[in-house]
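Structures incoming, each one as structure tokens.
Consider the two complexes below, in which chain A is the common component and chain B and chain C are the respective partners.
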Partner chain A sequence: MKKAVTPEQIKGHLPVLLPTRKLMLSDIPLHDRLFNIWTAGALLIAFLASAIGPSFAQAGAGPARSIITILLDWTPSIAKAFGFNVLISIFAMAIGTVLGVGLGVLQVSPRAVIRRPAWLVTQFFRNSPWLVLLFYCILLIPFKITLFGVTIPFPGWIKAVIGLSLPVMAYMSEYMRGAINSIPTGQWESAQSLGFTRGQTMRDIILPQTIKRVLPPWMNLYAVLTMATPLVSIVGVSEVMSLTRAALSAEGRVDLLIPMYLYILCWFFIYCYPISTLTGRLERRYSVKL
Partner chain B sequence: METVLDWLRPDWFFDLSVVGDDYNRARYLNGLWMTVKLSVICILLSLGIGILGAAIQGAKSRALRVSVGFFVAFFRNTPPLVQLYFFYFAIGTILRITGENGLPQPLVSSFGWAIISLSLFAGALNIEIFRSGVEAVPKATIEAAEALGYTRLQIYRYIVLPLALRISMSALGTNLVNLVKTTTLAYAIAVPELLYVAAQIWSEDLNVREMMNVLLLSYVGIVAVLVWVLHRWEKALRFPGYGG
Partner chain C sequence: MPWTPDQPIISLKDVHKSFGQIEVLRGISMDVMKGEVVCIIGPSGSGKSTLIRCINALNDIQSGSITVEGQEVHDQKLDMLALRKKVGMVFQQYNLFPHKTALENVMMAPIKVLKQNRSEVELRARALLKKVRLEGKENAYPGELSGGQQQRVAIARSLAMNPDVMLFDEVTAALDPETVKEVLVTIKDLAAEGMTCILVTHEMGFAREIADCIYFTDKGVIVEYGPPQTFFENAKDPRTKQFLSQIL
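Let's turn to the complex of A and B:
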């Protein structure tokens, strides 16, 4: 916060750097106080209302149900389907994070035999489109695998989870590599001088320190993954998007199209906006001050 | 176990109807051209939106700033696929004109909607990227320009933008690569791009594995070209005294 320096503080001396002060509500600029999640929510509702409003005029004419009634009627089903999207995103995130951390550690291995393939795998999955990877998993993973007499079934949604976790793994691997490389070399050297092996150094000293640096991009990645979950409807796994399209064709009304799609957009917005706001805040807090 | 072994069969790359068959090759090349066209147009439009939006976010009017902020927040935090559906199925259904034969026809084609939707999505992210670049431009530089008598527009055009562009280059590169990958979404509204064409070929010739590998390699190739171009651009734009 830039504060005006009063003449009393200077008193003929050169201006000095004032000690930092605790942030007060009054310090936050007016437009930041005005534009926050609550006002954004209110604006969103207003936006929605303005989109729905005109169709009310038509709805009043006949015995047809109003748009809002229809949306409310479909809300429980939409909530259930959206919950499934969240479930897919959580599973994919869990698998992707575990694999990605492992791959990221391999990427900083001193042995080129390990480092190079790990780099190649990361780059390959990071640069291929999510949808193509999804198609790859859906069409090429068999619906069941018999290994040593045990049959493991693979329903579509599990294949979709695997397909979504591959790019997550690659992004996570890159974040880990960046975070590990950003730890000062002195840490490695002092651990070595204390007699830690490389594995111990990595596990007990380096990895705990990377958490702080990886957390903001990891959360951002989760938001991106959640926004990628509607893709699974393209490859035939039913979720909120396929339900919406089914609902639209069941209702068969042209004036419902815009409100319904906006409604789904709002569901995602309400879920993802807090995550990205929090990410931004953490990023600012952890950022390196120049 | 057998299925696993069968799945890992090494002859994936050898039975390529894309190379051998003239019809399929022509289709594949058309799809490739469509993807390249879509990518290039979207990249240019999204850069335009980004520059314009970042300029507006530095404007004096609070209403303008808040509306751009709202646009960015909304497009950043909703799925691009749902945005595409919203444009194509919701707005596209209503925006119809009467064609020459008297039947209602869509005003904007699916290719057009794909461009609009993807450009807006990537543009919203670009605004955010350019804004942080603009904020990183030292205040003293702008004050110096003011002292030299530059107008606000001139400062943005000649001082802030060139510096901000260089500062936000790496984040911009990531976003543009993402944009190229996101063009696959156009498959969902039947734009005949690479993925759509590949899906057509594999459902006719039943060569899913080969087409999948061709598809993955094609996209990695396109992205590699883009990364190379961006790298060259970054090198050409680099100013001395900053970075490595």
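Let's turn to the complex of A and C:
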């Protein structure tokens, strides 16, 4: 039996031929966009109120300070401790990025003796729990190393930085491998025909082109790393989480627990959200090209 | 035995090349003299591109010999850089470096590979861009140029290495009909200056006009070759006749 053909199909307007386009935020009417943000905001406020509200009820009973006041009082210390988290994340990111780019380049080596070990190292650290890696670094790295009479101290936080940089290295290595392999082979060939060696081609032609491709996942990785920094408090390095625990025990108020941790969450959110938004924007911008 | 200009600048003898099980070149022999312009034509899949890629060692060969200025190309001890300096190559897909401007594309190899002085290279690069009629486009990125313009930058980039031979691999195949001409004019200028050129092309009219010798390849062998006049008007082999009747 023949299927009925609509007049649109006869004219060549098959639905499959219509241009497809990903739904962009700007396609959504402003009203809907506002509504969504408001909804999120309202939810957050409701959540905050449910946490803080009961404490106000209690506050009326005695001379205790309000939760807001307590949070504000602790803010300078929290900011300082949070700054330490940021510092750890920046150092770990810097070390992990440098090592990861190198490892990624080794992963695409034409020589199996170089490529295979690089692949193994990458896979090993990419598939290890971050906390276990942290414990390993804290336990395995001595607290000081004496080299030629010079003693280099390794305080806990530096060991933690090294521990966190290992997974960053592994992820970065994979991003680099993917990015390098995504550069058209014609680039290699034309460089080769101009007399560039493999190393020169990699450094001057291929790697500069990978930056654009690696930047969005790299930023995303940084946000993930920052959110993972509280892990270091578990291995005894003081940062914002250890400070929060200290503050809570100093205040000794049960009703402070939820607002306090919520407050810390807000700090991380405010720091990480712009990064992920920017990442998304960059991804969209670069996905069109090439 | 040192090479002298009265010997073929490029000489292929019984070249065999296969990709896995597929034999792409099955005994190719040809000689190209200095200053000669040679066009290689033939149906797709006949090994034309592989042939010229073997000449500058982008592909290796299984047997036979290829010499450029008397030097064996597929010799393990060959100084690759020396070969690449002698042989320039332009690709179908231009393959410009997208993160560099037109001028930087031209300047890059002389500076990084030949370690030449930057300011001298820049003067030469500007002159080359002028020669390929791209004055004023020095600071444009490849993405901002048309296909024909990009291809002319690619030609200038190869010329910046001062090659003795230029290989053109279907350089107009990816271009719009109206930009094909500007690239062909550039190649014609080069040929007129005495540059040795080997072109793989589908532009029969152009091949006829520019070539000193036309080679017709099919299924990995050279079926017939000769000067354009004889080739196009008095082709002897039935396969050549059939091919020409389809395209002319």
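List of remarks:
We adopt the following convention: the second predicted complex is superposed on the first by the 241 of 290 C-alpha atoms of A that agree within 3 Å, B and C clash if a C-alpha of one lies under 4 Å from a C-alpha of the other, contacts with A are read in each partner's own complex, and residues count from 1 in each chain.
Here is the rule we use: a residue touches a chain if its C-beta (ideal position, glycine included) is under 8 Å from a C-beta of that chain, and two chains touch if they have at least 3 such contacts.
Because the structure is predicted, anything quoted here is derived from the model rather than measured.
Placing chain B and chain C on a common chain A by superposition gives a fit, with no clash between them. Shared-chain residue A:L215: touches no atom of chain B or chain C. Contact with chain C, but none with chain B, is seen for A:Q200 once the two complexes are overlaid on the shared chain.
Set against each other, chain B and chain C differ in how many residues of chain A they touch, and the higher count belongs to B.
When both complexes are overlaid on chain A, the residue A:F268 reaches chain B alone and has no touch with chain C. Legend: residue contacts after superposition of the two complexes on their common chain; A:L282 is shown touching neither chain B nor chain C.
In the superposed model, A:E189 makes contact with chain C only, not with chain B. When the shared chain is aligned, chain B comes close enough to touch A:L231, but chain C does not. Note on the superposed arrangement: chain B and chain C approach each other to a least C-alpha distance of 21 Å. By the touch rule above, chain B contacts chain A in their complex via residues 1-4, 7, 62, 65-66, 69-70, 73-74, 76-83, 85-86, 89-91, 93-94, 177, 181-185, 187-188, 195, 199, 208-209, 212, 215-216, 219-220, 223-224, 227.
Chain A makes touch with chain C in their complex at residues 184, 186-187, 189-196, 200, 204-205, 208-209, 289-290.
Across the interface of their complex, chain B is touched by residues 31, 34-35, 40, 43-44, 124, 127-133, 135-136, 139-142, 145-148, 223, 226-231, 233-234, 241, 245, 248, 254, 257-258, 260-262, 264-265, 268-269, 272-273, 276 of chain A. On the side of chain C, the complex with chain A involves touching residues 56, 58, 80-81, 84-85, 87-89, 91, 93, 95-99, 108-109, 112-114, 143, 154, 157-158, 161.
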